[in-house]
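Paired with chain B in one complex and with chain C in the other, chain A is shared by the two complexes that follow.
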Partner chain A sequence: MLLDGLFAGGTYALMAAGMALILGVVKVINLSHGAFFTLGAYVAYALAERGVETPLAAAPLAAVIAFAFGVFLGKSFINPARKHPFALPVGTLACALLFEQAAQGIWGPHPLSIESGDPWIGPGGLVIRRWGVIAFLSSAALLGGLRWILSARPGLPLRLIAEDEEIAGSLGMDVEAIRYLTFGGACAMAAAAGALLAPSAAVTPMIGRAPLLLSLVVVIVAGMDSVAAIFLLSIGLGIFGNACAWFLSPQWSYVSLLVAVCLLLSARPAGIVVLACRRDG
Partner chain B sequence: MTVRTGTFRRSPLLLIGTATLFLHLLSVALPAASAFAASQQDTLKIGVLAPLSGPYAAGGTSFVQAVTLAVEQANAEGGVFGQRVTTVVADTQGRVDVAKAEALRLVSREKVTALVGAYLSEETVGVMEVAAAQRTVLLVPVAATAEITGMVRREYARYRYVFRVGYSLPQWAEMIAAFLPDRKVRRYAFVGAGIRWNRELGETLERTVSPRGIVPVYTAYYSPGNPAFDTVAVAAAASSPDMVILADPGRNSVSFLKRLREVAPALPVLSVGGALGDARLAASIPRAGPVYVQAAAWRGVSPAATAYVERFEHRYGAAPVGYSDTLPYDAVTVLVAAWRKAGSAATQAVVPVLERGAFEGVAGTYRFDASHQAVWGTGAGALRGTFVRWERGASRIVFPRR
Partner chain C sequence: MSRRGNLPPGPLAARFRGGWPAAGIGLLLLFPLSSPDVFFLDVFTTGFLLAAFAASWDVVGGVSGQITLGHALPFGAAAYACALLTTLAGWPLPLAVAAAILLAAAVGTGIGALSARLAGPFVALLTLALGEIAHEAAVGNTFFSGPEGYAWGGEGGIPMTLPWRDALPFLSYYAALVFLCLSSFGMLRFSHSGAGLILRAVAGSPITAQASGVPIARFKRLAFAVGSAFAGAAGAGFVIHMGRATATDLSLELSFQAATFAAVGGRGTIVGPVVAALVLHVLFQGMSLSPSTRVLLYSMTLLVTLRFFPGGVVGTARDLASRLGGKEGTRAPGGRVRNRDGSRTP
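This part shows the complex of A and B:
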C-alpha cells in the first residue's frame, strides 16, 4: 500500500509540477493539461505497436511532441487571450475536449494496452511493480532537475516573471516568449508522465482526466512555490488514498481525498506550504 | 459583419475552431440528409440507441458496428418483404435524459419501426417508457438489471413491447455458478466498478453459489472515476481466493488486471465479459495465471458464431468481444426474423410472434419467457453462453465442455 501510493503519487507529481509552473509563470489554470498526459500515453502506445515497448524511450519523444504543441498553443491562444480571465479556462477546456475527440478519431474509442511485463521480485519475495519503480525514479529525476533549474541562474527569468512581469519586462526579458516556452515545457512534463504511466493502465481518449483533477488538487493544496512540496504532497495524497481504500472502502478513497483537501483548504486557504513559508519569514 | 483574413493569420486556433465547427455542422447535416433520402425509399428503419461519446463510447461503438453488420446480413438475404432494412443511430452519451429524448425523436420524427438499445440499465429503463408510450417494439441487447423484465411482468399491458435478448443477472449468475465448480473454485473474490449492475450481480451470484458451498471471501467495488486499483488488488490477493471474478466490462478491467498480476501473478481471473474479450488487450496482460472471459458466443461454438466472428473481423479488423457486440447483432437478427415470421413489421403482429417463436442467432436459439426475457442458463433448451481462456496468441473454449 505504501509503495503503491509512493509510485502513483510520485508520477502524478510530475504533472502537478507542470501545472504549478504554468500557474506561477503564465498565471493560467490550464484545463488542457490532462490532454497532454493523454498524448504521452498514446505516444507510448504508438511506439509499443512498432516494437519499442519501453516508456523510457516514449517519454522523451512524447515530451518533444507535447512541447511543440504547447508552444503553438501558448503562442497562438494562451498569450493573446490572457487578458480575458474567463476565456482561458473555457478555451483550455475546449482544447482538451477537441484533443479527446481527435484521439478518438485517430485511435478509436476502444481501450488500448501496452504489455506491462512481469513484476520484479524483491528481497523476501516482495513484489515490486516494474513500471511503478521506473516511473517513480524518472519522475523524481525530472523533478530534481526542475528544482535545480528553478533555484539556479537559468531559472531566474521564470522566478522574476512569477514575481513581477513588469520588472522582468523592464530588464529586457522577452516575457511573452518565456511564457509560451514555459507553457510548452510544462506540457512536455505532463506528456512524459502520461508515457511513463501508460503501461500500468488502459490507454483511452479520457485517460488524462483523473490525473488532471489530482494535479489540480495537489497544486491548490501545496501552492506553487516549492517543487519539493508538490512532490511530497503528491506522494502523501497517493498513500492517503490507498489507506482510505484499505481501511474504509475502495469507493471512499476518492471522496475521502477530496474531503481531506476541502478541510485542509478551509483551515489554510492559501495552501499549506505558502503559509508555512510566510510564518517562517 | 466582415471577417478579416488577418484575424485567422494572427490566431491559427480560431481558424482550426472555425474549421472544426464547420466539419461538425457538416457531420450533423449529412446523416440528416441521408436519413431524409432513405425515408423516401421503401425501407424498414431500426432505431439504434447506443453511447457513442462519453465514458461508454467504446462499448457503444462496438454495439453499432455489430448492428450494422446484422442489417447488412439481413439485406444480403433479400431484406424483409422485399424492403431494405436501414438503421438510424442515436448517441445516448450514456445519459438517461438523452436516451429518452433520442428514443422519442427516433420514433416520432424518424419514424423507425422498432428500437434496439440502450446500453446501460438506467438508460434502458428510461427508453422503456418511450417504447411503452409509443407502442414500439424495443429489443434490449445488453442492459441486465432485473427491473427491465420486472416491469414487463408487473405491468404486462403497458410494457409488452419490450424483449430482452441479453442475459438477466440471475441467468448470468447461474452460468457463472456452473463454471466455478468446473474450475474447482470454492472461494472467490468479487471485484468490480461500483455501478448498479455490478452490485446486483455480486449479490445475485452470492445467493446462487452459496447452496453449492462456494463462498465469496472478498468483495469490493472501486470508484469508476478514480479507482483505487492497488489497494483492491492487494486485498483481493490477500484473501486467498481460488479465483477473482472481475465484474467490469470497461477499460478499468484492464488496468485492474495489470495491478492484480503484479501482486498475484498466478491467481486465476474470470472477467464476466466486455473489454477483456478483446484479443489485443488480453495480449498485453502477463499470463502467468489463467484469464477466463465469459461471452455470449465465441468463434468455434457453432458455424453461425464462427461465420459472424469472421465477418466482423473482416469488416472491422478485430474480433468481437463476444458481449457488447454479439448481443446487439443477435437482437437485430431476432427482430428481422420476427418481422419475416409475422409477415408484417406492425407492432401488434410482431409481439405475439416474439412471445411464441424461436429465433436462430449467433449464440443459439432464442426463446422468450413470460417476462419477455430470453432464456439463458443451464436448463434444457437454454442459451448457455461460453467461457474461454486466453492463452498465448489464442483463446480456447473451456466451458461448457464440448
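This part shows the complex of A and C:
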C-alpha cells in the first residue's frame, strides 16, 4: 500500500508540475487539467484493448494527443480569455465537463480496467506492481528533465515570462506562443500521468477529478518554484490518499482532498497570489 | 421590468424594455390553455424552477461578481431539508419550506464568510470544493432507515411527503411560473436596491469600494445569503415538483448549468439568465436528450458564448442597441465588455 502510494504520488507529481507550469507561465488556474489526465487514462485503455499493454507506449501517444488539444485550447480560449475573471474558471470547468461527457459517450460510464501484468514478488513477500515501477521511474525521469530544462538555457524564456512578461516581450520573445505551447506541454504532462496511472485504477470519466484536486493542493502548498518540493509533496499526498482509500473507502480520499482545498484556501486566503507577488516583487 | 436600470439605456433599448417580459409572461400564461402534451408542461415547470435558480446564481455571480461554482449547495441543501423535514420529522409543508429557505440562507452566509477574503478564481475554487463535499456526502451516505424500514439516501435520494397525491400538471406549471415571476422580481429589486448597487461596486473594484468605506466582507456575505436564499426557494420548489431529493440536486453539473445560463443570458442582468435558462432548458430537455448530452451541449454553448459574446445575449443586445442609438461606452476599447474586477481585457 505504501509503495502503491509512492508510485502513484510520483506520477501525480508529473501532473502537479504541469499545473504549476501553467500557473507560473500562463498565470491561470486550469480546472480542465483533470480532463487531460482522463484522456491519458482512456488512451492507455484503448491501446491495452488492442494488445499494446505497456504504459510506455501509451504515455507518449497520450502526451502527443493532449499536446495537440492543449495547444488548441490554449491558443483559442485560454490566451484570449486569460485576464477575464469569470471566463477562466467557468470556461476551463466547461472544458472538463465537456471532455467527461464525451468520454462517457465514447467509452460509457462504467469503470474499465486494464490488465497490468503480473506483479513482482520482492524480498519478504513484498508485492511490487510492475506498472508502479514503470510509472514512478518514467515520471521521475520526466520531472528530472523538466527541472533540467527549466534551469538550463532552453527554459530561460519560461522563467522570464513567469517573472515579467513585459520584459520578455520587449526582448523579442513571442510571449503568446510560448504561453500556449507551455499550456499544451503541461496538458501533455497530465495526460502522460493519466496513461501511466491507468492500470492502477478503474478508468471512469470522472477519474481526473481527484488528481486535479491533488495538484491544486500541491501547487498551493509547494508553490511553483521548486520541482523537488512538488515531487515530495505529491508523494506524501499519494501515500495519504492510498491510506485513506485503504482504511476508509476510496471516496474518502477524494473528500479529504476537497477538505484540504477548503482549509488551505481559508487558511491562506491569498493562496497562490502571495507566491505570484513574491515573484513580481 | 426594470425601470431603474443602472445603465442609461439607449433610445432603442428604452423603447423595448418592459414590453417584452410582459409579452413573454402572457404567452407563458396562455401556453397550458392550448392543451399541450403533459410532457411539455413538465419541461416548462422544471424550466421555471431552474430559471429562478439561474437568476439566484446571478445575484451572487453576476451582480456581486463572486464567481461561485457551488451554487447547487444551497439548492440541494434546501431540497434535502424539505424532504427530510416532511417525511422524517413530519413537519407541515409550509413550515418545512420556510426552514429550508432559512437553512439555505445560513449555508450561503457560511460560504460567504469563508470566501470573503478570497479573490477572483479562488472563490470559484473554494465554492466548487464545498459543493463537491456536499455532493459526495449525499451520494455516499445512506442516512438511516425510513419508516418503511429500507435504507434512504445514497443514489436513490430521499422521498418527499406532500399533502396532496398527484398535482395537476397545469397547476404545478402555474405555481412554478408565479414563483419564477415573484422571485425574479424580488431579485431584480434587490439588485437595483442600495445594497445591490454597493455590491456592483464591490464587483467592479473591491479596492475602490473598500476605500469608499464599504465593509466588503459583510456585503459579500449578504450577496451569498440573498442568492442562496433564492436558490433554496428554487430547490424547495424543485423537490416539491420532483417528489424526491437526490444527489443530482447538489451536483457540480447543476452549479455549472446555473453559471452557463447566466453567462449566456448576460451576467448581472437577472432577466438575461432567466430567459437563457428557459430557452436552453426547454430546447434541450424538450428534445428528450440524455442528461450527459445536455451537459455536453451546455458546455459547448458556454464556451462559444464566452469566446465570442462575452457579454451574453443581453450584453450583446445592449451593445447593439446603444450602438444603434449612437451611444458609446458600454464597451471597452478592443471590443470586450468591461471586466468585473475593473481590469480591462486587452
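For the reader, a short list of remarks on this structure follows.
Here is the rule we use: the second predicted complex is superposed on the first by the 236 of 281 C-alpha atoms of A that agree within 3 Å, B and C clash if a C-alpha of one lies under 4 Å from a C-alpha of the other, contacts with A are read in each partner's own complex, and residues count from 1 in each chain.
One rule holds in what follows: a residue touches a chain if its C-beta (ideal position, glycine included) is under 8 Å from a C-beta of that chain, and two chains touch if they have at least 3 such contacts.
Predicted, not measured: the structure shown is a model, and the values here were computed from it.
By the touch criterion stated above, A:Ser226 is placed in contact with neither chain B nor chain C. In the superposition on chain A, A:Leu265 contacts chain C only, with no contact to chain B. In the superposition on chain A, A:Leu93 makes contact with chain C only, not with chain B.
Using the contact criterion defined above for the overlaid structures, shared-chain residue A:His84 touches chain C, although it does not reach chain B.
Legend: residue contacts after superposition of the two complexes on their common chain; A:Gly105 is shown touching chain C, with no touch to chain B.
In the overlay built on the shared chain, the residue A:Leu216 is in contact with chain C alone; chain B does not reach it. When the two structures are aligned on the shared chain, A:Ser253 is found in touch with chain B, with no touch to chain C. By the document's definition of touching, of the two partners only chain C reaches A:Ile29; chain B does not. In the superposed model, A:Thr38 makes contact with neither chain B nor chain C.
Chain A residues 76-77, 80, 94, 98, 104, 109, 213, 249, 251, 254-255 lie at the interface with chain B in one structure and with chain C in the other. Within the complex formed with chain B, the residues of chain A that make contact are 1, 4-5, 8, 72-73, 76-77, 80, 94, 98, 104, 108-119, 127, 129-130, 132, 199-202, 204-206, 210, 213-214, 241-242, 244-246, 249-251, 253-255.
On the chain B side of its complex with chain A, the touching residues are 10-13, 17, 20, 52, 55, 57-58, 60-62, 194, 220-223, 225-228, 230-232, 234-235, 250-252, 254-255, 258-259, 261-263, 265, 275, 278, 280-281, 283-286, 288. Taken together, the chain A residues at the contact with chain C in this complex read 29, 31, 76-77, 80-81, 83-91, 93-95, 97-98, 101-102, 104-105, 109, 209, 213, 216, 249, 251, 254-255, 258-259, 261-262, 265-266, 269-273. Across the complex, chain C meets chain A through its residues 61, 65, 67, 69, 114-115, 117-122, 124-126, 128-130, 132-133, 136-137, 139-140, 252-253, 256, 259-260, 263, 267, 292-293, 295-296, 298-300, 302-303, 306-307, 310, 336, 339-341, 343, 345-346.
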